[in-house]
Structures are given as structure tokens and as C-alpha cells.
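Labels for the chains are A, B, C and D, by order of writing; each one numbers its residues from 1.
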Amino acid sequence: MENMKEKEQMKSLEDIFEAKIARDEKIEPKDWMPEKYRKTHIRQISQHAHSEIVGMLPEGNWITRAPSLRRKVALLAKVQDEAGHGLYLYSACETLGISREELYHQLHSGKAKYSSIFNYPTLTWADIGAIGWLVDGAAIINQVPLCSTSFGPYARAMVRVCKEESFHQRQGYEIMMTLCNGTQEQKDMAQDALNRWWWPSLMMLGPTDDESTHTEQSMKWKLKRKTNDELRQQFIDQTVPQADILGLKVPDEDLKYNNETGHYDFGEIDWEEFWQVVKGHGMCNKERISARKNAWDKGEWVRDAAIAYADKQTEKEVKEAV
Amino acid sequence: MENMKEKEQMKSLEDIFEAKIARDEKIEPKDWMPEKYRKTHIRQISQHAHSEIVGMLPEGNWITRAPSLRRKVALLAKVQDEAGHGLYLYSACETLGISREELYHQLHSGKAKYSSIFNYPTLTWADIGAIGWLVDGAAIINQVPLCSTSFGPYARAMVRVCKEESFHQRQGYEIMMTLCNGTQEQKDMAQDALNRWWWPSLMMLGPTDDESTHTEQSMKWKLKRKTNDELRQQFIDQTVPQADILGLKVPDEDLKYNNETGHYDFGEIDWEEFWQVVKGHGMCNKERISARKNAWDKGEWVRDAAIAYADKQTEKEVKEAV
Amino acid sequence: MTNENLIQYIYGIADNSLILGQRISELCGHGPTLETDIAMTNMALDLLGQTRSYYQYVAELSSKDITEDDVAFLRTEREYKNVLLVEQPNTDFAYIIVRQYFFDVFHFMLLKELENSKNVNFQAIAKKSLKEVSYHKRFSGDWLKRLGDGTEESKQKAQKAVDDLWVYTDELFHMTDHDKKVAEAGYGVDVTIFKTAYYETITALLKEATLNIPDVKYFQKGGKNGIHTEHMGFILSDMQYMQRTYPDMKW
Amino acid sequence: MTNENLIQYIYGIADNSLILGQRISELCGHGPTLETDIAMTNMALDLLGQTRSYYQYVAELSSKDITEDDVAFLRTEREYKNVLLVEQPNTDFAYIIVRQYFFDVFHFMLLKELENSKNVNFQAIAKKSLKEVSYHKRFSGDWLKRLGDGTEESKQKAQKAVDDLWVYTDELFHMTDHDKKVAEAGYGVDVTIFKTAYYETITALLKEATLNIPDVKYFQKGGKNGIHTEHMGFILSDMQYMQRTYPDMKW
């Protein structure tokens, strides 16, 4: 009898939950939610937060060498924004009942993933432009639909993130534009960066639909509105004309506008490379994780000091109050 | 009676020792020597060895940035020679019954001194020229007399050291010459280096005679043949014409050739600065010692591994022999 | 007071902001928490923003046709006039905080005076910067208290940083001949007037942080005359890399 | 085979010597003993000496009026063709030794073949270098045995270095189109012919050093096409500093 009642209650909770999502109302942390919903969101939000934090590193690599004061300041501000995004997203994730320490631990131990694009090295200043233009461009396409996802804290964080990302994207494109209006050396630098970042950016939109897991469930929870292949097509259709304006050549011999479909046809993606980088074999996977882990480990005594100090202050206040 | 006999024996040993020195024969490690002789030599030889080793650092600072492959190779070879000098000198010192570890410990703890000149920073490439020309120049003047000092291992090490030092000195002068035959920027760089290294080089010849300790005893043991002031005058008389050839101005308003004495008169040395640097307050004192200490501490596990491996090999050989 | 006096005076102020900004920038993404990372990056942004204002003014004053970037990136090491304090390395978080605090207190007092300069450019820059620097000072001071009065380990590290960096504080109050002329003209600041107040302030905070005041009689100097520590060359080889490698280009 | 093929082939060999020489140079004065300091400096000297011979030959081959220093210091990062292995940082003495040994064994086998080149310059350089490199290989191999079969700590460190650097060994055997053309012409070496021998040699020594052979299926590559790790930019900003800052001068 008891069991029966529980099941009924559960059913009714699930009904309320699903009705809410259907009505496009937000699920809030205090609301009841299925365990799978909670777990999926922890996985996706934390993966997203980790991507912001790890993403600080390849760009951070050029802060000390930025070619002008204006660009140095803009790059610093951009990387700082990424730290900010990380912060909102970790906070959103924490509302699901997981601690920041645990999230970091998952990143450092390799249990949690982050966007594979950040495992490629930044080799020249043009890479900073290309990352803004292409990587942020692809990220926006992935992220804009999340502004109306079902989990409230995530949706609200994404509104802010997307606004800043599109600023970054324009800034990156402007770096590319400046290079392309510059000397031959600068144009070559820009072309070289496009050559290296193009394919990894396409891979950012995720594996092809037939390889992709969780899609149906994610659609239902509004974590996803389009398939990976649709998003990829959207990215290509939007980006190729931008490359044309820059006077750069997209490194794909098969790329061609298709008058019938109204979309660009494009060449085969090297999924072998994609999966190898996901598995940890990219040029910088080890470096990125060890930079993060190092920062965390070397910061332990600082965090301990802050806690110890705060405890002492509270103790003093209590004593004074007595 | 016994005590009397001992004293007599001692007296006779001292007589033999002093007669040897008087006859310009070498004292060898197995020979009897007064305790004070041993201690003075440990102090001086180790100080000299430490100077070679610490002296690697300011020049080493420019190896990765040397302006041509030829100069990079020459600088590496020079710094390597200094390591070699350190090695002979530590070995000479060890014959007096002190271990390398103990010598290093004295350096790292600040008990042993090294030449103060190495506590100045190398700021430009011209400093590498100036160090070769002036610092090695002053060192040679200090060291040539030591080739015939009374303690055999020290005298023999110095023969080799002096030969190499005078090669370095010519090389340094040639760097200066190249700069002075170059662009205005290069000439300015050379003049700036002379301005900064001139006075510290004069200080390398030691405090003025009335401030100097140990001189009389050192003269007797042939650790010294001329006073500091005589050596300093020799250095100035030799170096000023070289500066003239380079077309550089020695930074001393009072410098003037004195027709009566046949020597250059020169201005007041800032002995306050000298003693402050000796006391550890030079720009790089902390840096130099911590670089050496760091190398030694971080190398401990390597030295331990080498010992452990050697022990295992010996053990194996013994077993095989059985 | 010549234009050259004024330019050199500006270097003496702005190069501190540039080099400290550059040093903090190295840390971006490597701090002990995300929150300190964001705060430190903010300070770097403020300092580099101030640097730009000063260098734009130098470019105006200069007889040559130069930009803020020429001033920032195309001088040789001996031409940078920052104090030795700001070029000291990011040894650990304690060094970072102590370096910052020792500089911030000075920087705040300097700007307070510079606000009253007869020069309108200086007035404007000082006014804008004061808000920023008052935040920096609070941030670094608060952290210094946390480190000093935190755990046994943090206290030791903070004390070591204080002991090692204290020798660089005196140079903040050295005045070059340029500085004196610009101060006499009522444009610049005679920094010696707040030296006592400076040491009172930092001493008081060190005491609150339960740290010892170092007993030092000999201080380091050189930066204000372009004689830097050996760290400076490596800061510049990164910082100038692009401008040196690709001369005369727009970015 | 064009001149450009030949020049690019030489970069593929000589840039390894340059960058490894530069990396070792950083250590000068900071080694665990005076004796290793001297030996390592010797290796840097040998490598840089070899680099000079190759680059002088490039200067001869080039249609432009250039010197060995233009070749060494005035290329951009993407134009350096060294393998990723040699640019890896001096993390600790184990990394230094393992990096050296992995390179030395390859270098020796390469020179053994290059000695039979139809090109007299290559013959001469290879002959002279072989003596030097055979010493390097002995030095690094002996140390690797000491570290592997020394203490528990040194074994751990050596194993970590082996595990981390193993992924860079495969690239030594990649052949660019330039390499293939120069090899076909009998000037260059088809390095794939001694790949098996290479892995046999290092595997045997690792076993003797009581170390495990990493089980790796995916290797790193890029350097031979000028796609380097992020370390490379910082190596170059120091290395090129003087030539970039003071162009067209004699030193």
C-alpha cells in the first residue's frame, strides 16, 4: 500500500514537472525534479563552466605578448569575462546540490569533460582573432537556444553569457579584419589561423546526429532545440560569407554554395581527430589540466588562510557580543 | 718533559715549513702545515671557487638572449670554463681536508664570501663585454701572482685559470670593440656598461691598504705579492688606454694621467657601497645565493640516485665475483 | 621645466602601472580562486588603462610623431623608469599581495596629491584613478590581513614576502632631477611629504595582520634611473615581442 | 629536388639542434652538480656548433643574401621545423635526461645514415657530429639508468618523464614532402628505415633502467610542419630578442 502511494505521489510530481516544462515555465532549484534531470544538468552545466575556465588558458597565453595596449586590455577583459561566466555557471550548478570543490575535482581527475577546442595551442596573435571569430561564433550558436532552456538558473546565466560572447565574437572578427587590411605578413598570419581553427570549430558543434547520444531527452528538456548537424550548417552558412569579406579562403576544397538547398555543402570532418582529442590526446590536454590543477593546488594554503581568518573574525565578534 | 719534546718537534716542523716557502718550494697536501695556513687557504681558495660558480649566473643570464650564434657559443664556453675553474679550485680546497658539501653549505648559509662584483645585475648585452674586459681584467691582476703561491694545488689550478681568463678578457674586449665600431645605439650601450661596471671593478682589487686585514701574513705565504692599492693602480694604468682605443669615456671626472708619477690619478671610490654589497645588500645578493641553493636543493634527489645506483652496481660486481 | 622633464616624470609614474599591470597579467587564469582571478585581472585592467592615459599624454608632448604603443613597447630596458618593486616576480600569492599592497598605498597617496596638480591632464587622470586604486588598496590590504592572521603557513609566507619586498619600498620616495623640476613647477608631486604617512599606514596594517616590521637599514634602488633587476629583461622580451618582430604595423 | 626542398630538409634537422641547444643553455649554472653542468653545457655547445654548420650551408643555398644568424633568429615561429620533443620544458632533471636520450638515440642513427649522403656538406657535418652525439647518447643513457635504477624517488620521476615524453618520439620518424624528395635524391635520409631499431634500442635501455615501456597508441605531432606547443613562442621571444630589437647590426 505504502509503495503504491509513493509511486502515485511520484507520478504526480513528474506530471507537475513535465507540465511546467511544456508550459515553458522554469524549473527552479527548490522544485522537485527527476534524478536524471538533475544529473544531466550537473553534467552539462559543469562541462560548460569548465570550458569557460579552461578556455581562459589558450587566450591567456597571449596577454603578456599582445601587440598593442588597446588589444592587451581588450584581451584581458575578455579572459576576465570568461572567468565571470565560469563563476555564474558554477553557481548555477551548485544550486543542484554539488559543491565547487567536487566540480573542480571532477575536472582535475579527468572525470568531467570540457570543450575540446581548448586543447589546441594558440601559436600566433591571429589565433586570438580566430578564436573570437570562430570559437565564440560556434559557441554562440550552441548557446543561444539555452537562454530559454527549462532550468532557471542555467537559462538566466546563459542570457548574460550570450550577450558577452557576441561582443567577443565581434571583437575577434575585428582583429581578423585589422590583420586582413594590414601587411602581407599579417594577412598570411590570419589565413594560417583560419586554416588551423576552421575544422576544430566545426567539431565544436558536436558529433554528427547519428553518433550523438542524449539528443531526444535533451530536446524535451529544452537543453537542445536543433540537432548538431543543423547547428553546424547554421555556423557554416553564417561564417563563410564573413571569411569572404575578410578575403580569406576557408580550408575546405569541397566547400560550395548549393543553390538548391540554399546552404553551403562542405567536406568530410576528421572525426578520428575529434575523438582522439576528446579522449585526451590533443596537443594541450595534459597542459591545460595540469595548469588548472596546479593553480588549485598551489592556492590551497591561500584558501585555508582566508577560512582561518574568517573563523577568527567570527570568534572575535561573538566574544565582543557576549 | 713530554710537553717540551712536543714543542721542540713542532718548532722543527715549522722551521722546515718556513724554509720550504722561503726556497720557493711548494707546500703539498701531505706536508705538515700550520693550522692557520690550512684555514687561511681553505677560506681563500673556497672563496675563489665560490666566485667562479656564482660568477656563472650574471653571464648565464644572457646565454638565451645572445645576439648571434657565434657569441652564444662563446658565452656558453666561457661560462663552462668558469664551472671548470670552480671544479679545480674546489678540488684544490678538498685536499686541505674539507668536503665539497661543507664548502657549499658555507656558501649557501652566507658563512663563506664570494666576489661582490657578481651581485650587480647584467642589464644589456654590452655588460657581457664589460664583464670580460673589466671584471676578468681585474681578476687576472689579482690572480697572476697566485700562480707562484706557496700551496701547490692552488698554484697549479691558478696557472690554468689565468690562461683561460686572459682569453676571456680578450673576448670581452672584442665584444666592446664590435659595439664601439657599430651603430650609435651600440656605442651608447657600451658606454653605459662601462659607466656601471667601472667602479665595481676597481673595488674588486679589495679595500684600501689601511682597511685590509691579513696582508702581511699573506705576503709571507705568497698569497699576496703586492698591496691592493698597487694592484688597483696597475689595473687602472692598463685599462684606461684600452678605453681610449674604444673611444669610451671612463666615468671618473678626476681621472688624469700624472706625468710625474707615470700613473693615472683617480677619484674617490664609494667604499660605503662596497661594504654594503659585501654585507649582502647588493642588488642581486639574495638572488645569487638563492639560485645556487635552489640548484643544489633541487639536485639532491639526482645525486642520491647516482649514489644508490653506484652502490647497486658494486654489490652486483661483488656477487658476481663470489 | 622642459617637456623632457615632464615626459620623464610621467615615465616615473606610468611605467609602474605598465609593469605591475604586465606582472599581474601573467597570473590571469592561474589564481587560487576564480574570485581572486577576477579581482586581480580588474586591477591589471585599471593599471593598464591608467598607463594608456599617461602615454597618450606623452605622445602629445613628444616632438616626434609617436603613439601610446611606441611609448609602451619600443623603449629599451634602460629607458623604463619603474621602481624595482613592481618588476619583482610572482613568487607566490603572498609576494603578489605584499607587492601590491606596498605599491597601492603609495599609489593612492601619490594620486591624492596629483589631483591638486596645476596640470589638467594629471588632475583628470588622478581623479579617475583614485577610485580604482582605493579599491586595489582595500583588496590587497584585506588579503594581507587574511594571510598574516590566517594559518601558521600563510603567516610564514606573508612574513617572508614582507621581509623580501620591504627593501624596495624606499625607492618609491626617491626623486630624480626631473621629478624635482616638475614638482617645483607645481605639476608634479613631492612624494617625500607623505613618506612618514606611508610607513605609518603600512606599519599599522602589518601590525593588524600580526606580522613583524622588518628591521632594514639598506634599501634597494635603481629602477627610477633605469637600472633594473635581471627580471626586467625577460618581462620586456615577452611584452615587446610582437612590436619588435613586426615593426610599423597596425593591430 | 629543389633548393627549397633542401633548405626545408636542413631546417628539419638543424632546428632540432638549435632549440634543444637553447633549452639546455637555460640550465647553465643551475644543474644538480658542477660535473653535470659542465657536461650538459658541452652538449649545448656541440648542438649549437652543428646548427651553425647547417645554417651556414642554408645561407649558401639561399637566393637571398643572408647569414647563419638570419636563419637562426629571424624566422617566425611557424617557420621553425623542429620536432615537439626538443622544445619541451626543463621540468626537472628526469625530463631533461629523458628528452635528451630520446633525441640522442635518434640523432645518432640519423647521422650514421647521413654520413653516406651523396651531399659532401652533409657527409662532413655528420662525420664531425657523430663523435659528439655518441658521447651525448652515452651520457644521457647512463644517467637514465642511474635515475631509473637509483632510488624510489628517482625511479618515479624518471617513469613520469618517460610516460610524458614518449608521445613525442613518433614524430621523429615523420617525413615531410621535402624530406621525401631530398631522401629520394640520395642527399637526405629515409628515417623510417631505422624506426624499429630506434624503439628496440630505447626499449632495451628502459628495461635495463628497470622502467616500464609506456603503452601509448596516439602520438603528438606538429613541429615538423611548424605547428608547435605553446612553449615555443616563449623560447623565441628570448632567443630573438636582440636581433629583433636591434635589427641589421653586427655583434
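In this section, a contact is a pair of C-beta atoms (placed from the backbone, for glycine too) under 8 Å apart; a residue touches a chain by one contact, two chains touch by 3 or more.
Owing to the predicted nature of the structure, the values given are computational and were not obtained by experimental measurement.
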If a chain touches chain A and chain D alike, it appears here: C
Centroid comparison with chain B (C-alpha atoms), farthest chain: A
Pair joined by the larger number of C-beta contacts - B-C, A-C: A-C
Distance from chain D to chain C - Cα centre to Cα centre, in angstrom: 42
Centre-to-centre distance between chain B and chain A (centres being mean Cα positions), rounded to whole Å: 59
Distance between chain centroids, defined by C-alpha means - chain A, chain C (Å): 35
Sequence positions of chain A contacting 2 or more other chains: 65
Multi-chain contact sites of chain D, meaning residues that touch two or more partners: 76, 233, 237-238, 241
Contact graph of the chains (line, ring, star, complete, other): other
Chain-to-chain touches, reported pairwise for every pair that qualifies: A-C, A-D, B-C, B-D, C-D
Interface residues, chain D side, partner chain C - complex: 76, 233-234, 236-238, 240-241, 244-245
Chain D-touching residues of chain B, taken from the complex the two chains share: 53, 56-57, 60, 63-73, 76-77, 79-80, 83-84, 86-87, 90, 125, 175, 178-179, 181-183, 185-186, 291, 294-296, 298-310, 312
Touching residues (chain side chain D, partner chain B) in the complex: 22, 25-26, 28-38, 41-42, 44-45, 48-49, 51-52, 55, 68-69, 72-73, 92-93, 145-147, 149-151, 153-154, 157, 238-239, 241-243, 246, 249-251
Chain A partner contacts - residues on chain D that touch it in the complex: 76-78, 164, 167, 218, 220, 222, 227-230, 232-233, 237
Contacting residues of chain B [partner chain C, same complex]: 58, 61, 65, 121-124, 192, 196, 276, 279, 281, 283-284, 286-287
